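For reference, the structures are reproduced in the following blocks.
Both complexes shown next keep chain A, but they swap its partner, so chain B is in the first and chain C is in the second.
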Partner chain A sequence: MIGTSLCRWAISYFAVAIAWLLLAEVLIVAGFGFPNHDIGGPDTLVIVHLISIGWLSTVLCGALFQFVPVLAARSLYAERWTLPALALLTLGLTVLLAGFLGLGGHISGPPWLLPVGAGLLIAGFTLVVANLGMTLWSARPLPGPARFVAGGLACICVTAAFGGMFSLVLSGTGVGAQWPDLLVSGVPIHAIAGLGGWLTFTAMGVSYRLLAMFMLAPDGDVRLGRLAWLAGIIALAIGLVGGVLALWRMTGLNLALLLAAAAALLSLAAYGRDVLGLYRTRKRRALELNTRMSFVALASLVAAAILGAAFVATGSFPSHVGALVFLVAFGWLTGLVLANLYKIVPFLTWLETYGPVMGRVPTPRVQDLVAERRALKWFVLFFAGSWAATLMLLIEAPLGFRVAVAVVMVATLGLSEEFIRARRLADVAEPLRLPTGAAAPHLLISRN
Partner chain B sequence: MTEFIDVDVRPILRAGGEPFSIIMAALERLVPGEGLRLYAPFKPVPLFDVMARRGFAHREAELEGGEWEIRFMPNDGSVEAAEPTSAALSDGDWPEPVLHLDNRDLDPPEPMVRILAALERLAPGQTLCALLSREPVFLFRELTKRGHHWRGGFTSQKDAYQLTVRVRE
Partner chain C sequence: MTIDDDDLVDQIRQALKVVIDPELGHNIVDLGFIYDVSVDDGAAHITMTATTRGCPAASFLKEGVANSACLVPGVESVDVTMTFEPPWQPSMISPGVRSSLGFAEVN
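Take a look at the complex of A and B:
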């Protein structure tokens, strides 16, 4: 191990991602897409892809470029691929969204926008997967958390492949016309692979290491996370392979999804047990805000799992799928990401600014870069807004949903300001702020 | 020939207990000239410093399964100086560490800060040894930039990372 350096563009990924999140929130508050419009309609697809690709995938890629080298104890395979990947993802999403807007009749665009956007996105994700995949490949046998990431990388390939095929079908091209039924039965697979495999499974893996690190909990046991990983992989394999087989045979999709859901619940239960175990064996008694907020996000995941199982049992799953997806995307994934950004951004800024002079002159602690009390109110607003919005979807109150998302948006803006303040070292007391030899960091790029 | 009192802290550590007070209590009971033989599930590096200050030199031997037998002897000239320690063997040409840090229970990134600060106080060529709760991946980058050399690895119990840094000459 020759040591991990700062990924130059990780902060840029975070900034682009937050911009996409804010745009999505503005559109929801303005009443664009579900629940005012059809859940499968083009307007909803704009929102869904803004959040899943623009926000969650971009922020996750940035975090993985920084932390996969830490998980795998290897340098990133090709740092120089990270900026082109960001450019491809951003451009691809922009073109894809234009395609959806054209599909919804908001703009008059050529039909090739969707496949071209999808192609650019696939190219971007290919660069990401190849870069992270090669890094992991060189670190075999993989430690536990890195295996989750490997599973997640496989799932983004499945998600992107289905997305690419959908774009051909939706654009009305001759190639797409060969698979008329693909959209109906393929969407669950696309969504499970994306939301469940790529985003949730990867986040679970990374959180094992981050939670252990931030709570000072021992995570050396090789059995830690094994059951959660195994059950999760089985769930994804049944869901994806079974789903594709069902598509091909035109039958049995529901059975595959039900079996996958059972394995997924087992995986989540094992994950919950592991996280509680880390919590109990932690050496740090008073937890920092980022860790406490990660647990709140985790509570959303637990709630989503329980609600989902209850809806399946009562047969009301299809009418509540929108609320569930919102709870997973905001309460769990967005909450977890924002909570961890609240640690990652100050930490990377601290390392970049004070690393070169550490030990030679007095330097601030990482915690001196943040003001937890101020940020706590934004997190409270964020989670309260996310849960209220989920509730409004469940009781079918579209206006209440928009008001709740407005609260989430205010919280997002507040937290964005906290991240900017951390980058600008705005909360560091003056004599320590910029000691001799230290240079102020750039807002959007890290020196490495 | 030194007489030894045996203290086995392996069961205490396995049960999650704190062995330090027991070692110190055993030390109080030693008669002049007596030594202490310690059995531990890992190399108790931080203890070496404490014992040296109390006038004990040590000899270490790795047992099967990554466990260690350490003999602490009163430093009254009775210690045979010729016998090389295994630490010296494993660290080859590097001098014995002048400083031992136990950073296992510190909040990250405090371990890194303390190691970098301690290195500033050492003379060129001197070494320090630190125990950490995990591999300090972000520290390596600073050590490289500053031209220091380091050797490190997980203890055989996999519960700590032992790092030795040699200051740039």
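Take a look at the complex of A and C:
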């Protein structure tokens, strides 16, 4: 096939995701949840799920609906499922958050809010996994980056299954009462599958192709990414299968997690080597802002891996897990996503606006839709704020953490304005901005 | 192909320069996307490529090529074939554009 079409709702996913991110940042700045409250308490669960589901999962789903067809060179299996999936994810998260707020005593809600919210989320993720899974299935044998995505899709199933069980336990149902120890022992598996498998492993796979495309680096070698994928799959298999077996036998969970961490470190090291290799062999010397910022995000992942290994070695992992998760969620994943949105949003806007008139009239470049120098300051603020916030958590300075996250929030607002300006074609000079026959794009929906 | 057809091929190549690769920001002729142009009795046949097979820009590029070639006086019909054999390589970019893009020495 030649060329896939634009996903009508990808931009809508991005907009909803950014709204959830800003809400999470506002709440953190206001002192809601960790570190002012218990790391496993309901208030912290509100923040964690706002970021992991509302922001990161929603934005990743939107990006995958557009990008998996590119990886697979196949059309998306069912474009019509994308809007219902967004509605289910958004409604499910809203109900789940209401359940957590009820649990924390902020509102008086019925106990069934948590399982109903989890059920709606599972239904939404089922639609997403089925849609992307069928698209990948039709493209077997899968190219390297697509295998990472397939692994990530398997992990979101595990994450959602555990989340569903937790909701039954937390809401005090009779079914949940049969697993009294599940919350204590199952949370690491839930977190590894979500943060490590679904979000990080998928992002790694997608970044192989994106970095090669943006840097014009040769990525045709079938061995590229193989070790990172294999070690990552082994890490996830040990962590998830071994973890579940350990839960069942009530022993050996720490050993399973330690072995998984060792394999994960090998995967990350191989990934780092591959990315450096792509960087060294690139044909395009002058890199655009999105690629440069992706490397900064990658530095956060490297820092998180080194810090994590050091904390395990010194036995201080449990007391620093909050700072580490924050660094992974913001410095690595949020940084990588914002950097790539800075390319994806103008690129999709360009295709929608100027693609139909190409060949008839002169058109601007994608780079004409952005102003890198203006956006650079927001990225600098974002990463400086994220690293400062991590440091504040490490030195146990809650007020400093909130101030640093306020800086991150200002940067998020600044970058959001840049995305809106790209959708509005605000930085495209006349007379190229809207040539004859071109129609201005809608802010939140793409024409396809 | 006659001498007139040769002129028409040159005019078509020139006309195709209005089509740009949105990501690289240069016209597709200088980027080496156009593999072949031939004309037979006013019927233009163009063979072209793109950087990535599944890229959503690929179908727009193909349409853009057909649109711009149609505008050349003397062209009565246009047939565009998109191929990925051989795959596009940065070495296919014209030297002037390559240096303006800040490219490394192409092996």
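Convention: the second predicted complex is superposed on the first by the 447 of 448 C-alpha atoms of A that agree within 3 Å, B and C clash if a C-alpha of one lies under 4 Å from a C-alpha of the other, contacts with A are read in each partner's own complex, and residues count from 1 in each chain.
Criterion: a residue touches a chain if its C-beta (ideal position, glycine included) is under 8 Å from a C-beta of that chain, and two chains touch if they have at least 3 such contacts.
None of these values were measured; they are calculated from a predicted model.
In the model built by aligning both structures on chain A, chain B clashes with chain C. Contacts of A:A72 after superposition on the shared chain: chain C is touched, whereas chain B is not.
Contacts of A:G437 after superposition: neither chain B nor chain C is touched.
In the superposition on chain A, A:G40 contacts neither chain B nor chain C. Of the two partner chains, neither chain B nor chain C is touched by A:P110. Once chain A of one complex is fitted onto chain A of the other, the partner contacts of A:P398 are absent, as it touches neither chain B nor chain C. Judged by the touch definition given at the top, the superposed model places A:R282 against chain C, while chain B stays out of reach. Ranking chain B and chain C by residues of chain A touched puts C first.
Taking the listed stretches 45-53, 63-71, 81-89 or 99-107 of chain B in turn, the superposition on chain A shows a clash with chain C for 99-107 alone. Of the residues of chain A, those at positions 1-5, 69-70, 73, 213, 216, 220, 283-284, 347, 350-351, 355-356, 358-360, 363, 365-366 touch chain B in one of the two structures and chain C in the other. Partner chain B is touched in their complex by these residues of chain A: 1-5, 69-70, 73, 213, 216, 218, 220, 283-284, 347, 350-351, 355-356, 358-360, 363, 365-366. The part of chain A that touches chain C in the complex is made up of residues 1-6, 66, 69-74, 213-214, 216, 220, 282-286, 347, 350-351, 354-356, 358-363, 365-367.
Contacts from chain B toward chain A in the complex involve residues 105, 107-110, 112-113, 115-120, 133-135, 137-145, 158-159. Taken in their complex, chain C has these residues touching chain A: 18-20, 22-23, 25, 50-69, 71, 82, 87, 90, 101-104, 106.
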